[in-house]
Amino acid sequence: MDGKLKLEWAYEHMDVIKNVRERFKSEKPFKGLKIGMALHVEAKTGILALTLRDGGAKVRLASCNPLSTDDSVVKALKDEGLEVYARKGESREEYYENLYKVLEMEPDIIIDDGGDLTTLLHREYADIEILGGNEETTTGVIRLRNMERKGILRFPMFDVNDAKMKHLFDNRYGTGQSTLDGIMTATNLTIAGKTIVVAGYGWCGRGIAMRMRGMGASVIITEIDPIKAIEARMDGFRVMRMIDAIKEADMVITATGMKDVVREEHFIYAKDGCIFANSGHFDNEVSKSDLERLATHKRRVRNYVDEYILDGKKLYLLGEGRLVNLAVGQGHPVEIMDMSFAIQALTAEYIAKNYETLEPKVYPVPNDIDYRVAEIKLHSMNIQIDELTEEQKRYLEDWQEGT
Amino acid sequence: MDGKLKLEWAYEHMDVIKNVRERFKSEKPFKGLKIGMALHVEAKTGILALTLRDGGAKVRLASCNPLSTDDSVVKALKDEGLEVYARKGESREEYYENLYKVLEMEPDIIIDDGGDLTTLLHREYADIEILGGNEETTTGVIRLRNMERKGILRFPMFDVNDAKMKHLFDNRYGTGQSTLDGIMTATNLTIAGKTIVVAGYGWCGRGIAMRMRGMGASVIITEIDPIKAIEARMDGFRVMRMIDAIKEADMVITATGMKDVVREEHFIYAKDGCIFANSGHFDNEVSKSDLERLATHKRRVRNYVDEYILDGKKLYLLGEGRLVNLAVGQGHPVEIMDMSFAIQALTAEYIAKNYETLEPKVYPVPNDIDYRVAEIKLHSMNIQIDELTEEQKRYLEDWQEGT
Amino acid sequence: MDGKLKLEWAYEHMDVIKNVRERFKSEKPFKGLKIGMALHVEAKTGILALTLRDGGAKVRLASCNPLSTDDSVVKALKDEGLEVYARKGESREEYYENLYKVLEMEPDIIIDDGGDLTTLLHREYADIEILGGNEETTTGVIRLRNMERKGILRFPMFDVNDAKMKHLFDNRYGTGQSTLDGIMTATNLTIAGKTIVVAGYGWCGRGIAMRMRGMGASVIITEIDPIKAIEARMDGFRVMRMIDAIKEADMVITATGMKDVVREEHFIYAKDGCIFANSGHFDNEVSKSDLERLATHKRRVRNYVDEYILDGKKLYLLGEGRLVNLAVGQGHPVEIMDMSFAIQALTAEYIAKNYETLEPKVYPVPNDIDYRVAEIKLHSMNIQIDELTEEQKRYLEDWQEGT
Amino acid sequence: MDGKLKLEWAYEHMDVIKNVRERFKSEKPFKGLKIGMALHVEAKTGILALTLRDGGAKVRLASCNPLSTDDSVVKALKDEGLEVYARKGESREEYYENLYKVLEMEPDIIIDDGGDLTTLLHREYADIEILGGNEETTTGVIRLRNMERKGILRFPMFDVNDAKMKHLFDNRYGTGQSTLDGIMTATNLTIAGKTIVVAGYGWCGRGIAMRMRGMGASVIITEIDPIKAIEARMDGFRVMRMIDAIKEADMVITATGMKDVVREEHFIYAKDGCIFANSGHFDNEVSKSDLERLATHKRRVRNYVDEYILDGKKLYLLGEGRLVNLAVGQGHPVEIMDMSFAIQALTAEYIAKNYETLEPKVYPVPNDIDYRVAEIKLHSMNIQIDELTEEQKRYLEDWQEGT
């Protein structure tokens, strides 16, 4: 399918970004600034890049994952005059070369997803002056906070992931739907009647669990946090250790941000035919190295499905263990990314306007940005909600009115 | 992806057919018989055709829908020596030519889906002697019953659709999942938060409604049957006339077996951006002719998505109004078709063994076949269930034991 | 609470019966006839009895269960002039004495629930001439069919249970809600996070399972039918034998119509604190006799909760093993019984008008009655549905229109 | 039912409190201290009071709501030697007199629910020296924060409501289940097929919405917060203003903490027969004063159901507009309150040990208390969860490991 049409279709369904872009076109908040981006390069990201450009920025874009690029979109963005360095199926070398390209433009603002660009800036480009940046995902935020704690963070970074209009929707409904989509596309198997283990009951994990149950699966949750474990149980899921869950699993999906969540000790208890997929940022949640080491045979049996033979049983890994929603599918659905990228665009604008007052810390997205995005979105959904009356506002401030 | 691998993957997940095929290989129930098939030609169907061939039959296969063929599977089946006449995107002429090819072999048994092959046999091949046949789907069964009622049915036909192990699973969970899959693949849009109208609350419709709700949609049902309407309402859905529902719809999905369920009077009230998809057998549930007539512009905006401009608003039709799960997606998930096709195979065997006692009527699938399939399936799922004790069996026959 | 108010509240929410009663008042279809009833005597049943009386019948009413009577309603009905013989907490002797009272009036038509009245008529009142009768529940229908098969059924009986407007709603949504209600009232325990075993995946069982899941429980189904077992599994439940399920159960609910579904061999594997409840017609699904025999201590720890001590563990039985929704709660919700009792009233009218043509067989409720009830109900819910156009009606009769 | 048995049953199902109580018995953390409590006085609260007493405290207990007391429990607690001042159906005067009684003991620590006790302490007992206290519910916390902001808070108060192990479970699953229970008990009406409006999509509101949907209702949410409104919509609910929602409502349930959420302008658009219930702390969410003013007639038609006639239509108010789960039902289920009250007990212990370092502020419950409760609870549910390996712990601290 043509990349230009994909961009057009996406834009047609991105009401919040549309609103922001129109304003950016006239206000040019990024005039004179360079923005370096490392995101999954597909249609929705393309719209974000175009929006920033229309806001006056010089934009350069690389991918944050070797497998998630949509080449037709890359072409269409280049036709639009953007500088894009990404290809589906990059080697590790190519992947980093493309990140280098982004840094060579000496960006003023960066937009990162997973933290590879930011890390590179700290390890190898200590001389580039950054006004500030945004980080999109849980994994990247964990890395940022570790850098902040160790006192090595060089510039202000905004934790876009923890904006409500991002994680409540993108991580939960976005990951939920797109993970399902990727798995169905890769396998054509029935979800109903399967026992599916979801590792992690954070926002992503509960999105996946909710959707798998909505499709008729019997879901088991694994967790390391006792409070989330009890929540999962009260939500009607079974909760157990991976070592116990694996014995019943028809499918295992990881969404933890942690590495080696499924590893040798689990593979040996897996049932014949068990399918493994990952929706976390990095491809280390299902230990591919353990799988490779233990397997006596490996072959590709379908697009994005690798078969490993262990002890006479077959285990299947989807999308090489990379986030299955992007490696196999089309990524998060459009309207979800509309909200996430509106947060990105408005936070970038906030940096452009306020960088002088910011310190090298991890900042939350200003509350006001969350609410502006919510209001535009609500309006675009044609939903009206209640407002407090004057008397109710007074009541809210009061403490004396009781029984 | 290679058709041979697709066949292999499907077979790997078709435990019931595997069991039947092994027996057929040794018993050869179809020895000396010719079987003519008109089904959606993709991997699962391929396995059915191979199973019948391994049972001793000479098999010829055409498609029952111009858009649902998987060309790579056609190639793989030909490599296996089967006679296949199908191509994705057939013109109406090609489509019927291929059905003629199947009839030219003068089949003893037919396996039909939707009734086109059977109808052709009655209209143009009155001389071919048929021992009996199977019909797969609701639409075809309605046509058969009308032929039976009018006294023109020439040979025994089995209503495979109404076998429990078929419609309870295939129509409900199969259509539910694959319709969702097709829509997500075609659009990459968010299901959560959408208002989706499902026309028809039969087994297919309730499967779709259940899955759409499971994905976070707010679902409205339209029906013509008051009992099903109340059921839908008690299941938590809103129920209204299409003319009212269309005004709120972000998406409309038809699954009725009836034509013109969505037509001019509805299109004029549809919201800008409304998406139309069909999961019924024929492409006449959403009136394409009305759309074409009313639209001032039409263009393809994505694979399988046509945009129609009416009165300045955009309406989208998926997969040219053909069953979206097959036209866009990969059809029903594998394990579901395993059950449906096991019913097909065992019913064909029943015809081969009992045709001399059968009359030109529409027959139900023998209860025994339903239960044999269920038991093999249950065993393959590794599920054990209770059995009545001797005392309980006596109780079941009793009428005297009360309060 | 006052029985009169209960009747008034029920009637206020019984739109279908209201419609039927108004017509009965003027048409008097039961003029000169005596109707003997054995139903759970509470407010909704009271309205049915009054409706039949207003239709011209002389009505006498006893209970079909020793524990399910609402004494305040009995009083209110007597105040209305009805002959009612029922008391909450009847001994077995009283229970049968009350049934005798009903038969002593020599009824023309009977309305039975569970089959005790019908059985009595066959065993001890062979001389009473019955025009016909209705049976309300699965258990009673099984008994009737056994009598029919053995050739001893003396008069026509209508299988009200299998009317769509009865079992689809009463057995499923009615039993589902009222079972939950009874259990919550009896225990005040949390449903969310519990492992609940539901025995039987018939209409009642699936109603209970659906509601328990809707409350956050993790549900396990036991079945003896392989097709229902696969359905339950595809609906996302776990399915296993009772002997395996009991080991995980926090609660077991039976809805099978079979006796000894939970018995000694299961109790010994039950967990400490496990709660047993029954929603089937008779109090023999959870074997009380086994419990009594095995227990070293027994005491009542709450209203409707008996504690049995076995091997140092505590097992709890709700409502003495009688249908928990009626023994503990207020029975099915009003609007559900409105539909069931409208079927009862219209079927009784059908008998009054057609008894001369009926034989001593088990009859289904005429389809027309189902649809009349559905249409009144739909209208009362203020729901409008689609109607076929003339062209669509023609299409429905056609067989030629295809691809 | 006997209050002593109720206490026993509750305690039997309160594993976390059981654990805490055993320790308190030996450690006596409250030795020499007086604790004044104002909570809903029923069985679970009784266990908390006994636990504090066993920890060495002198305890005095009043109710925090005039309608929520269980008199049989009051008696049982008095038999245990506790000082309890509460009665179901207190007048406003009695209610405050009982609170005065609690304050007359000059408590060192207070445990409040809704803020009436705390407010009284500030308005009329400025001389009593309080070491610190706990507040149970959202409404009370709002009042506390207003007092803190205005600089008049006299002593440290802990916001128990915002402990994860409290609001995630108590507000959500607790309120969800008990609200349903109260409504079913009060009305005996069918939930399935109803249109139910839930005002507020906070933790309580989403618990109620989830459960009502789980029972087959079609749910509409009203909100004032745009982010929560979008969440509700993405969760599959319809979202609109109360003024629009009321026109479709069969039932309205408020859970907002705000007053006059349903008021004159809404009542006039309500449908005939609409039922109003409240699950928020105070009885001002559904404006009873507007109802009283507008109604031409009012009468009690069932226990806890008042009928108001307005303009010829009937509106019903449950439990006099007080929290329906406590006024009508048995309050939150036991295991949920076990967790909430464990938080209360441990926070009271924290105050007893640390009051010297605390200031007159609103404090969050220490994180450590949340996790201790979670771990005891998890253990009592017999659930094991994963632990990070040493390598995973290192990874969690790292920032360099990337693609």
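Order of writing sets the labels: A, B, C and D. Residues in every chain begin at 1.
By our rule, a residue touches a chain if its C-beta (ideal position, glycine included) is under 8 Å from a C-beta of that chain, and two chains touch if they have at least 3 such contacts.
Everything numeric here is computed off the predicted structure, so don't read it as measured data.
A-C versus A-B: which interface comes out with more C-beta contact pairs?
Most contacts of the two pairs: A-B.
So which chain is farthest from chain C, going by the mean of the CA atoms in each chain?
Greatest centre separation from chain C goes to chain A.
Which integer distance in Å separates the CA centroid of chain A from that of chain B?
Averaging C-alpha atoms per chain gives centres 36 Å apart.
Between chain A and chain C, what distance separates the C-alpha centroids? Give it in angstrom.
Distance between chain centres: 51 Å.
Do you know which chain C residues sit against two or more other chains?
Residues 173, 192-193, 213, 216, 230, 233-234, 381 of chain C each touch two or more of the other chains.
Give the list of chain C residues in touch with chain A in this complex.
192-193, 213, 216-218, 230, 233-238
For a test of understanding, state which residues of chain A touch chain B in their complex under the given definition.
Listed in rising order, the residues of chain A that touch chain B are 1, 5-6, 8-10, 12-13, 43, 173-174, 177, 180-181, 184-185, 188-193, 211, 213-216, 273, 301-303, 305, 330-331, 333-336, 381.
Taking the touch rule as given, give the residues of chain D at its contact with chain A in the complex, in rising order.
64-66, 92, 95-96, 114-116, 119, 123, 142-144, 146-147, 150, 164-165, 168-169, 173, 222-227, 229-231, 233-234, 239-242, 244, 258-260, 282, 370-371, 374-375, 377-378, 381, 383-389, 391-392, 395-403
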